[in-house]
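Data block below; observations after.
When the chains are written out, they are named A, B, C and D in that same order, and each has its own residue count from 1.
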């Protein structure tokens, strides 16, 4: 049975192109993807994760308000009794940040992995496969352009 | 039923009165006193006057930080060190959502911290007087740039605050910017905004309006962008707007970009009533930028070169730090100066590009087809037409996050790098035009020895940030990528 | 009397033996062993192979620092972070003067100081083995770039050291680079250099030679530059050179630059013997740069755009720090990447510029006239022809510091920004061609409402660094300027 | 009687464009200019200054070896018994220098004024007029583009 991952853009962010590409790549790699689209609330992420019994929640944020939008997200997941893998990625701070400190900040907020905007879908997929201990499918399936 | 008719004066009044209570600063707005303030401004701060009388493309950056003093400092820097001709004030995302409470928190947090906790200037929270401080502090005219579906209160406050240009529109600030707003709702809200601009205009204070041409910024076929510009232009004109700047975002193919800008100007003049002064604005590449300032300067350079050939009235510049986040003021000024150098070196050159006329004719023919479909879908009424056409997919925007658009259209580049349509969905185009797109993309597929597919679209989306125009298959896996936690 | 004939083998030998004693490292040179070293190199380090088999313009920066380790580090950076296809080693000015003693002092001082006390890499002082260390340490082929009138010992050492490309020539490294050397003298010296390259070539180690096309870098009319390239090509071919890269420096007018590069290639193929493989190199703007990295990136961007249209075999890039001094490695790599981005975004676009053919025809006709004058002045012998033609001013270079040229020719831009000739001196051009130049410049003078004068030339010299292409009178006094002691 | 200034590029530097522009501007401003051209030695400067009874010596250097080329220049002037105004200008150091320290260095070497490459001829002329206490000629004559 394929692993389900929840994908969406949080807050009032409307940058849709990144998750569109991610959705396509994740599906091609064999994941069941529930794409919440842009401007999704924390509740929507939590409910979808619960409803789909998801293995991972992938939060995207580009517009610079990720910190505010993700505040309390892991508490909410806890309350819902969900122990799910969480990734966050995109342009996570406003301005020309030093990514290391941004990563630190989001790690402290509870995210298992933090990705910058240079991340290729392949990297996210490789990490998911490792973290979810999936038997790596055929190498072709991992590649998006296969 | 919402139609394309002018909002009655008492309606304008009534709505304004209601909005006044949405946030404390609404009550500061006084139309008569605002007119007086505008009249006190020198001609050099009259947006429409400066723009419409220019004899070379004017340059304008994007820029907005939360606090007033920093915004003044930022704009002064861009004016003095960047030689910006026109200034912007980019509004933060909470204000765009009408979440003035959250914006207030972000503003307070920003005041108490060296970091900016908002991605723009919360003009409603600042209120009329602070906007005027800003306008007074700078020499060049300033525009409100935002992305707000319901920008009514923002318009009331900022226009009273002395801004004379207001970006956006009911489609261009809905489809690319939101998920759940209906077009009927945003059109209604923008009828108010346009009517308000019209009211100022009738009192001799011309407010420039600028529909947002780039839409999703990502491989938008020129005809689609131009159709949206014409519709928003028509809607604005109905409400009394008399200074309209139609926009277009660079796709990166020189011939197609020049052709599109010429088509935009010519169709704008054809479709819009005579009493409207039409100008054009060219946005430097609005899609994903290279994660490298040197390469980004190359993208900006191509933007400048294109502007020098196409000669739009205005150019919105990008900064070499576009990829990473809101740029520093130095990087922002840098983008202005790189663009300026290219324009100034090339503008006097007689550059006559082959193939422009054909491409322009194709764009115009396609736009006419889409416009016809809109008029038909509304039985002659543009408002109903555009709502119905988006609903049916006869009009559509690629990568639209909004539920109001089908988002079924998929673009891809042809072998020359021009943006064509790969998946039409229900787009109202005649077969002969579809045929042209299909055959150009077929050529490319043959060149690359692969099928047309979403993969090709995805490759094109990444191409410029990867340093190319066309997303050709590379063969190598390129897992290098970004700084992540992929241990 | 010096003529265009091949240097006899024993002469080559005799001179080489003499030169060997000019500096200690000369004695390290062993031709046979050098051939063996070259043969040990992979094809990816064969300059001619890499250049001649490329299917898109290759990029090469300029770069030279005094010490070996730093030079390796610098080139590795440009290769890895700048994606340079071909690497350079720029030689310092003392070596260019054959002042190896002074270069030795500068090298020693540089080793003991964080600052560089030489403006390039003193290859003769480093000697054969250190050159090979450099060649071995990098992946891409490396060229010697210098400006040395008497480059005989430099060629002996660097070619034995594994370099496979050598810039310069008897005119292009005399006229712009020195005051007192006669052409007879530099031609004699370069016959040796070219013959040495020929000797390697005959042994299967093709040495690429690259006459320096930009000359004084300052508004050089294309026909003059091309004439010098053809003559140096002919002289080199006589000595057995079989891989020739003819150069041209950007003037900044897109049509003229593309036309000139096409003329260069086509005339190169016409004039040079069939057994010579002709390639072309385009130098990004070689005149004064803007004192501002952002604007400089714009100039570089126009260079990249021009290269994308003209498709030369190679592009020598500039850095955004060109104005101030030898650039940091980061800035140097930046110039490469900005150029690359423009080329890669534009190279697949079908850009068909009107007016190229006419301009190319004018350049070719003018070049033929100058070449005819040279052949005539030498009664068929190019060596005597070029000496006499420069002596009489029938051939001339603007802003030439050398006593060997009249330096009477003055260029200025026409209303389109193309470089025309304002003062012909004794340049051997027919009246109808002079007429074309005069009428184009007359147009400009009328546009500006002023006489053609040296002032116009001076304004054009400053124009690009002031942010324009054409030095129009501005009216304002602009005393702002630089950091000086003007208290 | 017009004041004579000596102009030239020192060392083995061949950058001629700057002094060509300077010569033209100085002449237009009423100076008698003795232009030594490029690649002029210290001796040539000293001899010209002596022979012409010059009011000022303007040394230009672009290629980065100015410090080495100017070493001992003022000693030579002293030996020749010349008390002449000396300016130096151009790209005086190799690389991306901090101009203030470059200026300091050349001041210490004895130059009265030190100019960077952004210097307009007008600035040099204005300084000369001040330092040589010339009655300012008609303002038109000072401007080069007049």
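Here is the rule we go by: a contact is a pair of C-beta atoms (placed from the backbone, for glycine too) under 8 Å apart; a residue touches a chain by one contact, two chains touch by 3 or more.
Because the structure is predicted, anything quoted here is derived from the model rather than measured.
Asks: By label order, what chains touch chain A and chain B together?
Replies: none
Asks: Provide the C-alpha centroid distance between chain C and chain D, rounded to the nearest whole angstrom.
Replies: That pair's centroid distance is 29 Å.
Asks: Cα centroid separation between chain A and chain D, in whole Å?
Replies: Centre separation, chain A to chain D: 65 Å.
Asks: Between chain A and chain C, what's the gap in Å when you average each chain's C-alpha atoms?
Replies: Taking the average C-alpha coordinate of chain A and of chain C, the gap between them is 53 Å.
Asks: Pull out all the chain pairs that touch, please.
Replies: Contact pairs between chains: A-B, B-C, C-D.
Asks: Inside the complex, what are the residues of chain B that reach chain A?
Replies: For chain B paired with chain A, touching residues are 93-94, 96-97, 99, 102, 106, 115-119, 147, 176-180, 216, 218, 287-288, 291, 321, 323-328, 331, 399-401, 454-455, 458-459, 461-462, 473, 477-479, 481-486.
Asks: In their complex, what parts of chain D are in touch with chain C?
Replies: 11-17, 20-21, 24-25, 37-39, 63-65, 68, 89, 91, 93-97, 99-100, 103, 112-120, 122-124, 126-127, 143-145
Asks: If we count contacts the way the header does, which residues on chain C are in touch with chain B in the complex?
Replies: The touching residues are 252-255, 290, 292-302, 304-305, 333-342, 344-346, 348-355, 415-417, 464, 467-470.
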